[in-house]
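Two complexes are shown next, each including subunit A; its partner changes from subunit B in the first to subunit C in the second.
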Partner chain A sequence: MKKVQRESWGYKLFRLVFLLFFIAVFLLPIWWMIKTSVIARTDTVLYPPHYLPNGLEFDGYIRIWNDQGLPYLYFNTIRINIMAAVLALLLGVPAAYAASRYEFWGKEGGFMFTILSTRFLPPATALVPLFFLYKYLGLVDSIWGLVVAYAGLNLPIVVWVMRSFIDEIPMAMEESYMLDGHSRVTAFFKIILPLSAPGIAAMFMICNFLTWGEFLLAAVLTTTIPNQTLPIGAAQLEGDIGILWQQITAIGVLGAIPITLIIIFFQRYLVRGFSFGILK
Partner chain B sequence: MPEVILDRISKTIHKKKVLDDISLRVEEGSFVCLLGPAGGGKTTLLKIIAGLEMPSAGAVYFDQENVTTREPYKRDVSMVFQDFALYPHMSVFKNIASPLRAKKLPKNQPAQRW
Partner chain C sequence: MGVDNAALNPVSISAVADAPVVTVKKSRGYLLIWPAFLYLLAFLIVYPFGYNVYQSFFQYSMLTDTSLFVGLKNYIGLFTSMEYLNSIWVALIVAFFSLTIETLLGLSIALVLNQNFKGKVLARTLLILPLGTIPVINGYLFNILFFPDASVVDHIFNVLGFVQGPINWLQDPIKARIVIIAMDVWQWTSFMIIMIIAGLSSIPESYYELAQLDNMSSWKTFWRITLPKIKFPLALAMLIRAMDLLKFFDGVYALTKGGPQSATETVSYYIYRIGFKAFNVGYASAGSIIVWAIIWVMSFIVISKVFSAKEKAA
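Showing the complex of A and B:
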């Protein structure tokens, strides 16, 4: 038997130090956020800063809890993002299926390119036309307006990723299912959807974190608290009497919890899905 | 088993002519073997008979009845694929019972048939 080559002690140490360094760099802002949210207000502006909190104080969280609007915004952020991700998947997955399985004129050159090209422009350039469009449609300052806008932002990515995912599912699978006597629609629901479930889970996750902290569209398209999201709420804490770091970071900590849970949950699903054997 | 007639079938895929004016008559109860080199269009022809592909020109008849545009699941045709496709997300039972389910037999029926 071939002898397994052992990694040298020095290499292991180097790797450990290297990884710890990067973990520290990436976790520093998160640590700062968590720390700032639990220290006294006067300590948030200390210079030089303390890296460890001297005494815990949950004033920021309590203020948020008692605030008139913020719990609303929190719930809104979760609701709008999940609805937008679901809408983008509802529209995007069938579109991706069509792009993968059907032949039509201008598929490669025009269709897929046009879909992706909606992402070429920075969102700011579309803002004014979008606002006027929304005004005429009566979608300004409504939950659905933001849901549609976010779904629209994510749709091209969903179509592109899901298309290549569905391309990987062998055609013979559906064809044999159709020859069993099932319609194409049934084949889509019973074969394509279950087999692309890992991709759908991944896209659900990606859609959510692409729009989770979105500020620009939310700031322009919504005006009242029942329809706004957390980033807007956080921005309003930057007042005349200075920046309320304690509360802003508390919002950051609380706002990160649902998206972290979504990622942890779907990540597990993702790994399991890819190890499926399809054709024997 | 119906008589299968192919009437001047042509098929173009990606601007390439795969089948060019194929006519064939398979009588009821007969055993026919299509021989040809790889990439010769044998599978495409089978798929056209099964309804999985649409011919670019020509027509398919089952017992004098034009079925060219009929959906595969309404044709009652069987086909064995080159790579045999199992449905990896279904149990063995569901894999086998799939055609029986398609016929909308009552729920306990598949188990009895086996």
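Showing the complex of A and C:
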């Protein structure tokens, strides 16, 4: 059913101005990032500023490709984030299912709150101990080390959000399926998983949003370009000769593309997947 | 499947078998929570957290590479250290203003985007784009936008007639904090918008139709229908943001390095500076444990207030 339209012209005008204002504010930094990446270094900070580039230069892009190992950084960022999200979902969805469908000793205050509490420590704190632990396990300067760490960062969010998502699926659906002689395991794969697919897809995207630009752990746990990610590549461009604006913004532009594509093509699923999940 | 193997893990089964388990089902499906729990236990709780608790009672010396037990000295030192108290204060201010603005802005934008109009999808797409950017790069980007004597923002404010001459954002303590808050609001309001739109879109249209039949004003509809319905997603989104804001680091690292003086030194940055630049591991550890405790208390209050109400409603 369609909502009855009772909007006055005044309101429509207000809405247009409101949206245009915020779109302008939100896009200005993005435009500035794109613009800075394609101008000469000497033109970076001028007063009054040029809102459009005067002349195009792709020096920043060429340099990060040649000198900063961009292909490595890009490919690493993508695969580390995808693998970490998958690992977090593999561990988190069963946990969310257990929390949603069973009553057991210490569930809320013990398990669920402890799981969430792993997100309470400041990132700088986990660095030293994680570094020693990783050294012992041979995970320092390896993409697997970051996969393991990022999965750990995402896991609490996955468990908490997926739990309320599965809470929404009526228990009766599984029970009637099980009354037909199917086991609980089959019910999980045939009923729960397909019904929570939109939530899992949305969760997968949110995981990627949350760790895509992670900086501190990657900065300490990786040491060589073949294992590093985009944020580290960018931070290394602040050196003795000042900040290399063009290269940094070029990494920023390229780094934003995958997430932007996800936002453009999958936002419907993001909204739908979540609307079902986080509400009671 | 990995799921089944994990559930049959002998370690997890024996660990639970002795515990007084109250279960409504004969099945042992609840053991499925153990893989996730053990994972976090192994990688984040036992070692990193335990290490911090342990180190917080010791004084580490780089010269001799030895640790000396000092009891609560680190904690007492921190509670009387103006630097540390200041960094907590800064983190709280930044978190409070960022979260308030992000929530109100996210809510207003999401409410507008939830209406039907032409170009809605385009507007929504453009308004959640900042979410795709990388925080540390945003730090450098805002450095350009607020560059001393050549700030784009200054130029716009001058053209619009708000101010005359340069504003010098990053040299003034209050203004530097405003820039830090603006940077966070710019990137993460999009996150609030997505979460709130998701909540809004699951409110059945018929609720609004009933409200209209009742001649309820739009203000009343918002308070009586919309807000109660999006309370949980809103609370969850705010909690996730609050936890991350109290640990705010990347932007400070790339933009202000804590300056001017220590006006923008958040507690995460302080811990990084003390632990990694000054190698005062004991102080850094004790400082983290205090932050952990603050977020713990905050989350506990929010969860027991909001989510126990959720269970009653169910």
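We take it that the second predicted complex is superposed on the first by the 260 of 280 C-alpha atoms of A that agree within 3 Å, B and C clash if a C-alpha of one lies under 4 Å from a C-alpha of the other, contacts with A are read in each partner's own complex, and residues count from 1 in each chain.
Rule of thumb we're sticking to: a contact is a pair of C-beta atoms (placed from the backbone, for glycine too) under 8 Å apart; a residue touches a chain by one contact, two chains touch by 3 or more.
Keep in mind it's a predicted model, so treat the numbers as computed, not measured.
Engineer: Using the touch definition from the top, say if A:L73 reaches subunit B (first), subunit C (second), both or neither.
Structural biologist: So A:L73 meets neither subunit B nor subunit C here.
Engineer: Figure out whether A:M173 sits in contact with subunit B (first) or subunit C (second), or with both, or with neither.
Structural biologist: Only subunit B is touched by A:M173; subunit C is not.
Engineer: In the superposed arrangement, which partner chain does A:M33 touch: subunit B (first), subunit C (second), both, or neither?
Structural biologist: A:M33 sits against subunit C, while subunit B stays out of touch.
Engineer: In the overlaid three-chain picture, which partner chain does A:A85 touch, first (subunit B) or second (subunit C), both, or neither?
Structural biologist: A:A85: touches no partner chain.
Engineer: For A:R184 in the superposed arrangement: first (subunit B), second (subunit C), both or neither?
Structural biologist: both
Engineer: Looking at the overlay, what does A:V140 touch: subunit B (first), subunit C (second), both, or neither?
Structural biologist: Neither partner.
Engineer: Identify which of subunit B and subunit C touches the larger number of residues of subunit A.
Structural biologist: Partner with more touched residues of subunit A: C.
Engineer: Where does A:I192 make contact in the superposed view: on subunit B (first), on subunit C (second), on both, or on neither?
Structural biologist: The answer is neither, since A:I192 touches no partner chain.
Engineer: Have a look at where A:A98 lands relative to subunit B and subunit C in the superposition and call it first, second, both or neither.
Structural biologist: second
Engineer: Check subunit A for residues that touch subunit B in one structure and subunit C in the other, and list them.
Structural biologist: Dual-contact residues (subunit A): 103, 184, 276-280.
Engineer: If you look only at subunit C, which of its residues touch subunit A in the complex?
Structural biologist: 2-4, 6-7, 19-25, 27, 29-37, 39-40, 43-45, 47-52, 55, 105, 108-109, 112, 115-117, 121, 123-138, 140-145, 147, 149-152, 154-155, 186, 189-191, 194-195, 197-202, 205-206, 208-209, 212, 229-230, 232-233, 236, 240, 243, 247, 249-250, 253-254, 267-269, 271-272, 275-276, 281, 284-285, 288, 291-292, 295-296, 299-300, 303, 310, 313-314
Engineer: Mind listing the subunit A positions that touch subunit B in their complex?
Structural biologist: Touching subunit B: residues 103, 170, 172-173, 175-184, 186, 191, 194-195, 276-280 of subunit A.
Engineer: Tell me, which parts of subunit B touch subunit A in their complex?
Structural biologist: Interface residues on subunit B, with respect to subunit A: 13, 47, 50, 52, 71-73, 76-79, 81-89, 98-99, 102-103.
Engineer: In the complex, go through subunit A and note every residue touching subunit C.
Structural biologist: Those in contact with subunit C are residues 1-5, 7, 12, 15, 18-19, 22-23, 25-30, 32-33, 36, 44-49, 90-92, 94-95, 97-99, 101-107, 111, 113-130, 132-133, 148-149, 151-152, 155-157, 159-161, 164, 167, 184-185, 209, 212-213, 215-216, 230-231, 234-235, 238, 243, 245, 248-249, 251-252, 255-256, 258-260, 262-264, 267, 270-280.
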